[in-house]
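Next, two complexes with chain A in common: one pairs it with chain B, the other with chain C.
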Partner chain A sequence: METFEDFLKRILSIIFWLLLLSPVIIFPIFFLIIPVLGISIPTTNEFLTALIDPIKGIQLADKYGVGPSSTFFKIAAFPGFTFAALMATLIILYERKLIAKVQLRVGPLYAGRFEGVLQPIADLFKLLGKEIIVPERADKLFFWLAPILSIGLGAALLAVLPLSPNIYIARSEVSLLIPFAIIGFTPLVILIAAWASSNKFAFIGGLRALHQLIAYEIPMLISVLGVVILSGSLDLMIIVESQQQVWFIIPQLLGAIIFYITILSELERTPFDIPEAETELVSGWLTEYTGMHFGLLQLGLYIKFYALSLLFTLLFLGGWYGPAFLPPLAWLLIKLFFVITVVILPRAVMPRLRIDQLMRLGWVWLIALSFINLFIAVIEVSLGLI
Partner chain B sequence: MIYSVIKEILVAFAVGIRNIFKKRMTLRYPEVKLDIDSGYTYDFKTDTASPGFKGRHILYTDKCTGCSLCAIVCENIADCIDMVRVEGNWPINERSVMPQIDYGRCVFCGFCVDACPFDCLFMTPEYELSVTDKRKLVHTPFQLAVFPEKKGTVKLIPDKRGAHHA
Partner chain C sequence: MQVVNQGGDQMVLHVGPQHPGSGHFRIIVTIDGDYIVAAKPDPGYVHRGAEKMAEYRTYIQNIPHLERPVIIDATGITLPYVLAAERILDVESPERAQYIRMIMAELNRIISHLYWLAIYGIFLGHSTMFMWPMGDRELFIDLAESIGGTRVTFSFVVPGGVRNDIPEGFKERALKTFQYFEKRIKEYEEIFFNNPLMKSRTVGIGILKKQNAIKLGITGPNLRASGIDSDTRKDEPYCLYDEVNFDIPVYQEGDSYARCMVRLKELQQSMDIIRQVLDRMKPGPIKHVIRGVMRGEPGEAFVRTEAARGTMFFHIVSDGERFPYRVKISVPSFRNLIGMSHLLVGSRLADMPAVYWSLDYWPVEADK
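== the complex of A and B ==
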C-alpha cells in the first residue's frame, strides 16, 4: 500500500528531476533570446551560486528589486500573502484538531508521522486532483470570478495590518477604516457566487449571508469606535502604541465582546453559520463549487479569519506589547494563537441560531450595546481614566 | 433570563475546554485490535447464559447430533442456518447433518446457542468476517469447527469513569 509519504516522495523526486533537467530548456533562452532583447541578466555563475548560498541569493534578489526589504517581497511573502496563506492552512489544521479534541475524537491522524500535521498538504493535493465542475446554467464569467474575488478580498485586508513596529506592508493615517471598507465588499462577492451558481440552495444561502453580514457590520464598526476615542487616532500603529500601559480589553471589555461576536458572524462560523447550514442548505453559497474553486473560496475565508483575529489582537490585546524577554513578533503570534482558539471554540460547543434570533441579536442587542460601549468610552476619557 | 443564557454559554465553553485535556479512548483499529476474552456461551442444563462477545460461531462437531434445533429457532429470525450433510463417520449423529451458517444473513442474536441442548454451538470473539466474495460468507460445518486465532493486542480495562485501552 502506498502511504501519503511515499506519494510526497514521488512528487518531490519529479520536481528534483525537472529542476535538474531545466537548464537544457532555460539556458538556450538565456543565451539566445535575452541578449537580443538587451536585458541585463545574472551570469550562470551568479545564478548557480545564488541557488546554493542563501546570502548570495538574497543579495541577487535585492539587486533586481525582489529582496526581503522590497515592497514586492512584503506583499507577496512576509507579512503579506504567502504568510497569511500559511497561517490560514495552519488554522484549518488547528481547527480540525481542536474541535476533535473538544468532542473527544482524535482528528486527522495519518498524514505525517505526528498527529496528522501534513493533513493540509493532503487536502491540497485532493482538491487539486478533483475535477472543476461548472453548472450548465451558471453565469460562467462570475462563477469563475467569485473565488478570485474572495481570495483577493481576504488578501486585501492584510495591506494595512502591522505585525510589529518594523514589519508592515503599508502605513496609513486611517488604517483602521481600510479593513472595514474591504469587509463591506464581502456581501457582494457572496452574492456574485450565489447568483452565478444558479442553484436554489446557493441562492438562499447567499441571501442569508447578505442579511447577516450587513446586520453585523454596523455593531462591528461602532464597537471599534470606543478604541478610537480612547487612543485618539485611526492609525493602527498609534492605537497599538497607546496600549503600552493598559490593554484596551480592560476599559473596553463590552466592546471587545461585541467585536468578538461580530467576528464570529462575519466569518459565518457557528453559532452564526446559517448561510452554510449543512442540515438545511447543502453547503450554502458554496454548494456548486468543486475542486480548487472550493479550495480558493475556503482559503479566502480563512485568510479573512486570520486577518480579523489579527485585528482583534491589535485593537484589544495590545498588539506586540508584552514582557521584554520575547521579541514583539513572538508576543503578537502568542496573542493571535489565543484569539484563534477562542474564535474556533464556539464551533465545537454551540448549536446554530435561528435566522430571526440572529437578526434580533444583531439589530437590537448588539447595536444598542455598542452604543452603550461608546458612552462608556466617552465617560472614561472625560474622567481621565485612560 | 439573559443571565441564564450567558451562564449556559459559559458552561458550554468550560465543558469544551475541560474535554481538551481528557484522555482519548479511540481504538486505532487496523493497527491496534481489541483483545476480547470470551464469546457468548449458554449452559443448557443449568439454564444460564454467560456474558460474552457475539461473534463467529464455533461448532463442536463431535458433540453435534444433527437435531436441527438451531436451524428451527433461526427460521423466523434470520433464516441463515441450513443443515447440510457432512462426510465422515459420526457415532452420535446418525444422519450426518450439521449446521452451515450464512453470515450474510446472520444477525448475531445468539438464539441458536440458547437452543442447542448438547453444548456444541457457541460464539467466539472473532469479528473480522469480511470477505471479497459473498459466497465465502457461507461457513461450512468444518469452517465453523476451527477455533479462532487470537489477533487482539490491547485489552479493554473498565475504570471509574468508563473504560480505557491498555
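== the complex of A and C ==
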C-alpha cells in the first residue's frame, strides 16, 4: 500500500528527472532540428504577448501559419476535429437528458451545477483515470490499433462535409462519395477490434456488426443516388445549393426514410444495436475495451453520429438554407439537432431486433425500396418536376 | 484469437455467472452458427443450505431466514411457511389477519411481477420498459412498507396472525395508486406489449406445448401460458381466497409473449383482489398471541400456496422440539428451470434472453 508520502516522493522524483532531462531534449530541438528544417518559431517576446493579448495572439498565429484561416486550424479545430468532438460530447449529454425525460427520470443533474452540463467532462476524466487492461491473449498490436483507427475514421468523415458556404475543410467534386468510401472501412475496424480481443462474445459481436454494416451500406448508397439524380452533381456544395427552392426530403421522402433507417443501423443504435446486445453478448465487440480505449471507440462512434446526421441535413433538409434572420450556420445547427433528436428517439420506444430480422429488412426490403426510390427520382426529373 | 476446435462449427459459450444477462447462475450454451444446439443450466452459485439452516432456528427465527431466498416476493415464501407452522403449532389466525395476509401476498405479487417486467424490458433492449415499471414499483413498495415497515423483507406474516394492522388511510391510498396504475398498464401496452418489434421478438419464440408443460412439471404463470388452468388460489384455496372473485388469465399459445401477457393480466387481477379484500374487511383482532416458547406437536404439515413465480410448497416435520426437525421447500423457480434447456434448444442465440427471462427464473430461490 502506497502512503501519501510515497506518492509525493514519486511525483517529486518524476519532476526532478524531467527537469534534469529537459535540456537534453529541448536544446537539440532548438539548436539543431529547427535551424536545419528552416521553421520559424515565435520569439519569447511574441509568445508572452500572445498569452496576454488574444487579438495579437490570433495575428501571431496567422503569421506562423496556424491562424483561423489556415488549413491546420480547419482540420484540428473548426470545423474539424475539436468541433466534432465537442458536438459528440454535446450529443452524449443531449441523448442522456432526452432519454431520461422520456423515461420519467432526471438524467445527469449534479456535474456543472446546471442540469449536469459538465457530465461528459466528468465522464472523460473518469475514463482517463481508469486502468487500460489488455487481455493476456489479445493481439496487442491490433488491440491498440482499433481505437485509433476508429477515431481516425470518424474524423476523416468530416473532411469534405461543409457547414456553410464558406466554412469547410476541403472541397471536392465527388465530396458525396468520399464519406461513403470512408464508412466502408468501418467493418474492418470493428473486425480488427473483435478479433484482437480474443473473446467469444466480442467475436460474435464483431461478426454481427460486419453482417449488419455490409447489409446496410448498399441501400444507403442507392438511397442517396436519388438526390444525385435530382441535383445532377456529386458535390455536396452543389447538392445543397440546388435545394434553395425545395428541400429534397419532399421529392425524395422514401429515400430520406431509407437513409434514416440505414443511419440507425450504421451507428448501431436501437433497434439495430444488435452487435452490442448486452443481455446476450455482454457488450459485443467493445467487451474487452476499458478506460480511454473504450472512450476513444465511443468518441469515434459519436463523431460518426455527428457526421452522418450532418450528411442527412445536407442531403435532404436543405443544409444551411432558411429565412435570412439567422446566419446559415445557425440554420444548419438547428436542422442538425432536429436530425439528432430523431435519431436518438427510437432508443426510448423500441426493443432490439434480431440479426436475421435485420438482415431480411436490409437485403430484401431496403434494397428493393431504394431502387423504387431511384425510379421515382428519374420520373421526377424526366417530368421536369424539380 | 485462439480458437479451440469443438468439433464441427460449434462454439461453447459460458453465459454467466458474471454476465449482464444471466443473474447468479450459468447457462452453458453450445451454438452452431446462430442456433443453440445445447443449453445446460448450471445453478448452485448462491446455494446456502437454507433448508438445513432452518433446522437450527426456532419457528419465529425462521421467518426472516426463509424469506431470504426470494426477497423480491417475501410474503410469497413466508406465507406457506407460516401456514405450515400454524398447523404444527396448532394455532388459528383471526379473520382480519387472513385478509391482511392476502393484501400483502397480492402486493408482493405485483412488486415481483413489476420487477420481472422491468428486467424483461431491458433484456429485449427496451430501456424505457426498464425504467417505467421500476418507478411504478416504488408506489407498491410504499404501500407495502406502510403495512410491513420495511421496503422488501417484511417478515410480516407470523404464526397466529400478522405483526401489524393496516394503517389509517391505507384504503384511500391503495385505491388511488391502483387507479393511477391502471392508466399506466395501458401505457405499458402501447409502448411495449403492442409494439410490433416486441411482438416480432417474442411471438412464437420458445413455445412450451401443453403436454410438455405437464411432463416437465412447470408451475405458475408459465403453466397458465401453456393453456392449463391451474392456480393454487383457486384449486386449493388458502387464507380466504375462496371468498373473493377473480379470474385466472390463461393463454393457449405457450410462447414468450403469452407468458408476458399472463403476468400483465395478473397485475390487474391482484389489484382487483385487494380491492375486494379492502371492502370485505371488518375490524377485529389481528393476532392470536402465543405465550411462551413455541413448541409444536410431533407431526408433519404440508402447505401449498401460489407465490408470484408459481406453486410454493412447504413440508415441515416436527419432533416436538423448539426447532423444526426438517423443512423442505419446493420452489417454483427450480421447477421452471427444468423447462429452460428444453425451450432454448433450437432457438437463436439472440432469443436466449427473450426465452430465459420469460420463465421468470430467480436463481437465489432455485438454489435456496
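Everything below uses one rule, namely that the second predicted complex is superposed on the first by the 345 of 386 C-alpha atoms of A that agree within 3 Å, B and C clash if a C-alpha of one lies under 4 Å from a C-alpha of the other, contacts with A are read in each partner's own complex, and residues count from 1 in each chain.
We adopt the following convention: a residue touches a chain if its C-beta (ideal position, glycine included) is under 8 Å from a C-beta of that chain, and two chains touch if they have at least 3 such contacts.
Quick caveat: nothing in here was measured; it's all calculated off a predicted structure.
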Simultaneous placement of chain C and chain B on chain A, clash or fit: clash
Partner chain(s) touched by A:139 [first = chain B, second = chain C, both, neither]: second
First, second, both or neither for A:204, with chain B first and chain C second: second
Partner chain in contact with A:102 - chain B first, chain C second, else both or neither: both
Which of chain B and chain C A:196 touches, first, second, both or neither: second
Touching partner for A:262 - first (chain B), second (chain C), both, neither: neither
Which superposed partner A:370 touches (first chain B, second chain C, both, neither): neither
Greater residue coverage of chain A in the superposed arrangement, chain B or chain C: C
First, second, both or neither for A:355, with chain B first and chain C second: second
Selected from 21-29, 75-83 or 129-137: the stretch of chain B that, after superposition, runs into chain C: 75-83
Those residues of chain A which chain B touches in one complex and chain C touches in the other: 102-105, 348-350
Contact set on chain B toward chain A in their complex: 9, 12-13, 15-17, 19-20, 22, 24-26, 28
In the complex, chain A residues that touch chain B: 98, 101-106, 109, 345-346, 348-350
Footprint of chain C on chain A - complex, ascending: 99, 102-105, 137, 139, 195-201, 203-204, 270-271, 273-274, 277-280, 282, 347-357
Chain A contact footprint on chain C (complex, rising order): 1-2, 11, 13, 15, 19-21, 34, 121-129, 131-132, 135, 191-192, 195, 197-198, 200-201, 348-353
